[in-house]
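Sharing a structure with you now.
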Amino acid sequence: MTLLQVQGATRRFGGLIAVDNVSMDVAAGEIVGVIGPNGAGKTTLFNLISGFTPLSGGEIRFDGARIDGEKTFAIARKGVGRTFQNLRIFPNMSLFDNVSVGAIGMLGAGPLSSLRRDTKVATEIAERTWTALERVDLAREAHTLAANLSYGKRKYLEIARALAMAPKLLILDEPAAGLNDSETHTLAAFIRDLHAGGMTVLLVEHNMALVMSICRRVVVLASGRKIADGAPDAVRADPLVLESYLGVEEEA
Amino acid sequence: DKPVVKLGYQLPLTGNTAQYGQDFRTAAEIALARFNSAGKPFKVEIVFEDSRSDAKEGVAIARKFVDDKAIVGVLGDFTSGVSMASAQVYKEAGMPQLSQTASHPDYAKISPWQFRNITTQAQEGPYNADWMKARGYKKVAIIAEQTDWGQTVVSNFADEFKKAGGQVVFSEFFNRGLADFRPLIAKIAREKPDAIYTGFFYEDAAQFLKQMKQLGVTIPVHSTSAAYNQQLIQLAGADAEGMHLTATFLPSNPDPKVQDFVTAWKAKSNGVDPGQFPAQAFDAVNIMLAAVERASPNPTREKVRDELAKTKAFPGVTGETTFGPDREPAKKLAKTVVRNGQFVAVEN
Amino acid sequence: MSAPILSISGLRVKMGAQEILHGLDLACGKGEIVAVLGANGAGKTTLMRTISGVYRAGAGAIRFEGEDIANARSHDIVRKGLLQAPEGRQIFSNMTVRENLVLGGGALRGAEMDRVLELFPQLRDRLSQIAGSLSGGEQQMLCIGRALMQRPRMLLLDEPSLGLAPKIVQLIFNLVTRIREQGVSILIVEQNARAALKVADHAAVMEGGRIGLSGRASELASDPRVVELYLGGHA
Amino acid sequence: MSDRFRARLIAIGFLALVFVAAPAALTAFGKSYYWQVADLALIFALLAGSMHLVTGVAGLLQLGHAAFYGVGAYAAALLATKAGLSLAFTLPLAGLSAATIAVLVALPTMRLVSIYFAVATLAIGQMLYLIMLNWVEVTKGPNGIMLFSGMKFAGLDLSRPLPTYLVVAATVCVSLFVLHRLSHSYYGNALRALREDDQCADAMGVDTVRLKIEAFGVSGFFAGVAGALWAHTAGFISPPDFSFQTSILILAMVVVGGLGSLPGAVLGAFILILLPEALRPFGDFRNIAVGVVLFASILFVPKGLIGEVSALDFARRQLAGAWRRDGAGAEIGWR
Amino acid sequence: MDFYLQQLAIGLSVGMTYALIAIGFTLIFGVLNVVNFAHGEVYTIGAFAGLLVVTTFAPPLLAVLLAVLAVGAFVGVGLERLAFRPFRRFSDEASLKSRAMRESTLMSSLALSIIAREALEIAFGSRFQSVPVAAMINQPIALGPVTITNGDLIILGVAALMLIGLQYVLRHTQVGLSIRAVSNNPLGAKYVGVDVDRTIVWTFAVGSMLGAVAGVLVGFYYGAIFANMGFTPGVKAFVAMVMGGLSSIPGAVVCALLLGVCESLSTAFVSSVWSDMVAYGFLIVTLIFFPRGIFGGARERV
């Protein structure tokens, strides 16, 4: 079943066409990688999907319904969780509080029910938050301020926050940036784990090793256009991709 | 030693209206010094408290005064707003309150404990209306500050002026401390009135007059005793020339009481003549002191109140004060004009 | 190792009550590339910021060309020719690309600008674009370019390959070698250990606020612990 | 000691302090002045608490808070004088009117962020102030409104100091409890997310616009309640009580106490009300002294006398304000 | 028609006085992204300094302005030391991003402004000071149906000079670039070798010089110098700055003029008491259509 369907998505910034008539599908339970040179429009594509940037043309469907034109939070509530390329954590909040926001947003909890303690909503939020924190192994530090975290842990914090939303589609924008090889391995295992649990993942990554090892399908963007879409090995051998993205001397 | 009777005085000693409060304190100190050196069988002390023209501070001060059993009467506050908020406390606790300036029409109605010795616009407005009518003005523009007092300036004047057959061609308020009166002046000038009747204090008066000159508008200006202050002439200079206004107090009045006060005042304030408000405060304090004296020995708040109510033809520097049954004063008003940098009395 | 251009000894840095660097020693020879590896949170960025005078050094010495620059003010450090392309890029997001570069360049702007744009042709087309709207990789190029504008004697790079496409990463590492050939010494913090060890002369591994291992880059690249921890298990 | 038990203990201790110890001490002093100051401090504690929700927790710098205080005061005064309603009705109705106005004016400004929002609130505050001052037909303009009736409830005369104090204290305590629950529960977390990064919160499914409006409305409600308390205790209100200076005073309370910290806001209110009174003996210099104290406290404790972290920790751990995970007893606070 | 022309002229001249204050205010906001609540007091101090100079030496206006510039610079540097620098000791990320820090400087400058105002009040009283007639700059000049004053021309000249000078400095000099860099990203500025402290001190000095000159000019224009004179124009300048988009000085000037015209026309068409209402309403409407001010940039991308 197709979970996400992007059709002819276009986005212009003034004269610049950042995303140019891109179409792609993501089936439920898939892990799809999006790669492409810097400035190819990958983040912009993700912003279009998650509703941060309005489309200049085309349409986006999620779970069968059109979501372009919807408000960002409404799209999130439909089940699109994301992380940001330039980390966006809540620095003056504890890790627990950071992650809880994901659950709070999804449950749409209002002020009245918060007047009583230990309501069902509250328990549910706590439950989801702890689960997400444990999942990324940050539960022990749940009470420290997010600002005191190192870069790598912030990445996991962001992921945990998205997981607390219990999304149907998880969008990761360069999750491995700033991680060393062994950390990347851990991350890869982590994502595979998520996938095994049934999560659909769409990710942008420049770390080819990660992309090649976890994605069944890779979409390549260049200058806003889709130039390739297929199995990792096929994409890797594509001369166009080699030239514009990977460079001649290829990474191991 | 002599027994001590205490009075409270709540007034703005800091903040935007501090200049008025400071003057009241100076005037009160003069009055008090006279009284205490006159060989009375008891001594009076005045407790000054700064209200900053802020109602919440005023109410707290009122409570403080009420708590002090030795205080038998209170003077102040400056603005009607603060005076009236405090009045609720005095009403409930039974404390005579005499304000030198509160001009809100409802102030004295709050309870039998509230008095004031400022001429209300109920008296001054019609007086000015008749005066201006007599000077032959048919079309008049009115402006006044947007305060409780300004409201009474406009309504009392306009009612009488219209009754006398005049026409009010323009009537508007402005917010106190308005920096630029020119849009308003231009608007008045467009109506081509014979004269302008104004309700403002001396600072706004000075700005208004200077800016009229700036725009080349030469319509005669009349005002109330609130603008009566030597500072007006200092600030506006030649632009103040020819402004007409009423007053109950003239420093040039040869009456020895007045001259005595003027000398004492000048000694305390760099030789500047006192204006209407200090004189008002000076009289208020004296009226209160006289009531205390009549209520002695062992004055109580009730006794002081009753004696205040009996004040009849009290000879003050602002003329004689009599409290009617409504605890409002009746005063004799004088006509003045600014001429050669002086306020001078005129007949017409 | 040749005479060190930068030598750090016994450096201690505290953030609030917590000590993050506990007496760290590190040296970088003139004209050398030294790579610093380390897990997340090891304190690499803290070290880099302290060298540039952004954080206060609690104790210890930082000598640059023989002069102690510990706790010197950051602009004096820059003036001595010690430049950094920091973590998080720290570009001026609502100024144009050109203004960002010019700010880096001071008096040298004209000549250096051409050189830098030659290295990063992609920036040339975007000179008057607001820097905040650049893509992540473009911002990284801008950040390095900005540091190069001042003709550094020594360059500190904090994860320069972060967020860059493989092709650009290669470019950056080629660049690092080229910059070194021009006599600039380089201290580079990298998570891409493989690439970093390839270009570096020396390397050090940071663990919990101290230098754990250090030595020639080629030796470290075959050290089993490094292989295990930073090279994903295979050399 | 279980957290429930400890929370009860603290709550009982606090209530005893406010409703037994304080009145007893005040009665012993026998000075109505102290009662007055206590009432005032409580009213401003509520004002600061309500501003804390928007400015401290939700991070929306609010420069027009006094206007909602004014709307509440005017609503109460008009209802009491025109319709003869008693305190039991005027309090909630004043809150509701202020909340309604707050929501109405919030609607067009919710797209604004940071300082733009602050200036919009400043403008709205000034506009409401001008309405109070100049809409003479309804508000009586500069003449203000006098509540001859004093404070009455169900035929009881509450205008003596003790009953007045008890009414004020009870209202303020209940309101502060609600504010405490709002800012220390998950709802507070949503607001905090808004403060830290609204775009990011949006991506988490938080309806930021609605949240802003809600926070604004709730904060307006309690400011309105405070206004009603002021109207009934003072017996006379006029526009200058609700000017920009009052907004700044409330903001100063929140900042001195610690942005984001409810106990801080309350403490800040106590300090900035009590200090100028305590400094009366210094005469003309007392306001300079207030400035100096303000300056020193910001300089030496820039995160506030009770910072957000410790306030949250206390509220969640000691007051059992945390919500918990089913089964596992883990508490959620800050350490 | 003449009436409206006259009102327009008055509005422009009122707007000019707001613009004069807004320029320095915006400059300071531009570097620190914090509101300097004490700017109104700098303005007041400038006016008092000018008055003292005039009453003791009676020098020509230009000399008064120079003296006031010196006072302004001094006050600005002092203000920065006391109210702003102490809060830069925190360089960790949480503090840099924390609003508490930003609001701390807002409050510290507010506290200093309270101290300054109360001190002025104790020293000079809160009454209006009388300005010697010779020093006043309000000689009427008739331009056809419209009357303006020599003060309008002087203020226009000074404001234009300030505006053009600052625009040149900010856009075309390294100093100006540094100022904008510090405003945009103080941490980044450190990495490119900008002396952040010095840049900030200089900006404060210059901004306060402009503020002080504004004070003395407006003081001599209206002949109203008093301890609380900075409050209302300070608020108006703040509003103009925000309407203009915060960091755009020309934007602030244009909006200050708009505000002035708006006030005088609303007095003409409605009434004086409601003129502020119209001005604030105008602000709200502007912000609804331009949520980041008329000349403000877009929000940073995600």
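Chains here go by letter, A, B, C, D and E, matching the order in which they are written, and residues are numbered from 1 within each.
The rule we apply is simple: contacts are C-beta pairs under 8 Å (C-beta built on N, C-alpha and C of every residue); 3 or more make two chains touch, one makes a residue touch a chain.
Since the structure is predicted, the reported quantities are computational estimates derived from the model, not experimental observations.
*Asks:* Going only between touching chains, how few steps reach subunit B from subunit A?
*Replies:* Each step joins two touching chains, and the minimum needed here is 2.
*Asks:* What is the touch distance from subunit A to subunit D, in steps?
*Replies:* The distance in steps between these two chains is 1.
*Asks:* For subunit C, which other chain has the most distant CA centre?
*Replies:* B
*Asks:* Between D-E and C-E, which chain pair shares more contacting C-beta pairs?
*Replies:* Looking at contacts between chains, D-E has the larger number.
*Asks:* Which whole number of Å gives the spacing of the CA centres of subunit C and subunit E?
*Replies:* Distance between chain centres, rounded to whole Å: 42 Å.
*Asks:* Which integer distance in Å separates the CA centroid of subunit A from that of subunit E?
*Replies:* 46
*Asks:* Please work out the Cα centroid separation of subunit B and subunit D, and write it as a whole number of Å.
*Replies:* Distance between chain centres, rounded to whole Å: 37 Å.
*Asks:* List, in ascending order, every residue of subunit E touching at least 2 other chains.
*Replies:* 92, 98, 100, 118, 121, 273, 276, 301-302
*Asks:* For subunit A, jot down the residues that touch at least 2 other chains.
*Replies:* In subunit A, the residues touching two or more other chains are 43, 52, 84, 88, 91-92, 145, 148.
*Asks:* Enumerate the residues of subunit D that touch no fewer than two other chains.
*Replies:* Within subunit D, the residues that touch at least two other chains are 133-134, 199, 260, 284, 287, 308.
*Asks:* For a test of understanding, state which residues of subunit A touch subunit D in their complex under the given definition.
*Replies:* It comes out as residues 50, 52, 71-73, 76-77, 81-82, 84, 88-94, 96-97, 100-102, 104-106, 108-111, 114-119, 121-123, 125-127, 130, 142-145, 161-162, 165.
*Asks:* Show me the residue ranges of subunit C that touch subunit A in the complex, using the header's touch definition.
*Replies:* 15, 37, 39-42, 45, 87-88, 122, 133-138, 140-141, 159, 162-171, 191-194, 228-233
*Asks:* State the interface residues of subunit E toward subunit D in the complex, per the touch definition above.
*Replies:* By the definition above, subunit E touches subunit D via 35, 82-83, 86-87, 90, 98-101, 103-104, 106-108, 110-112, 114-115, 118-119, 121-122, 235, 238-239, 242, 246, 273-274, 276-277, 280-281, 283-284, 287-288, 291-293, 299, 302.
*Asks:* Please name which positions on subunit E make contact with subunit B in the complex.
*Replies:* Those in contact with subunit B are residues 3, 6-7, 10-11, 14, 118, 121, 125-128, 130, 133, 138, 140, 142, 147, 149, 222-224, 226, 228, 232-233, 263-265, 267-268, 271-273, 275-276.
*Asks:* Give the list of subunit C residues in touch with subunit E in this complex.
*Replies:* Checking each residue of subunit C against subunit E gives 15-16, 52-55, 73-75, 77-79, 83-86, 90-95, 99, 102-104, 106, 130, 132-133, 146-147, 150.
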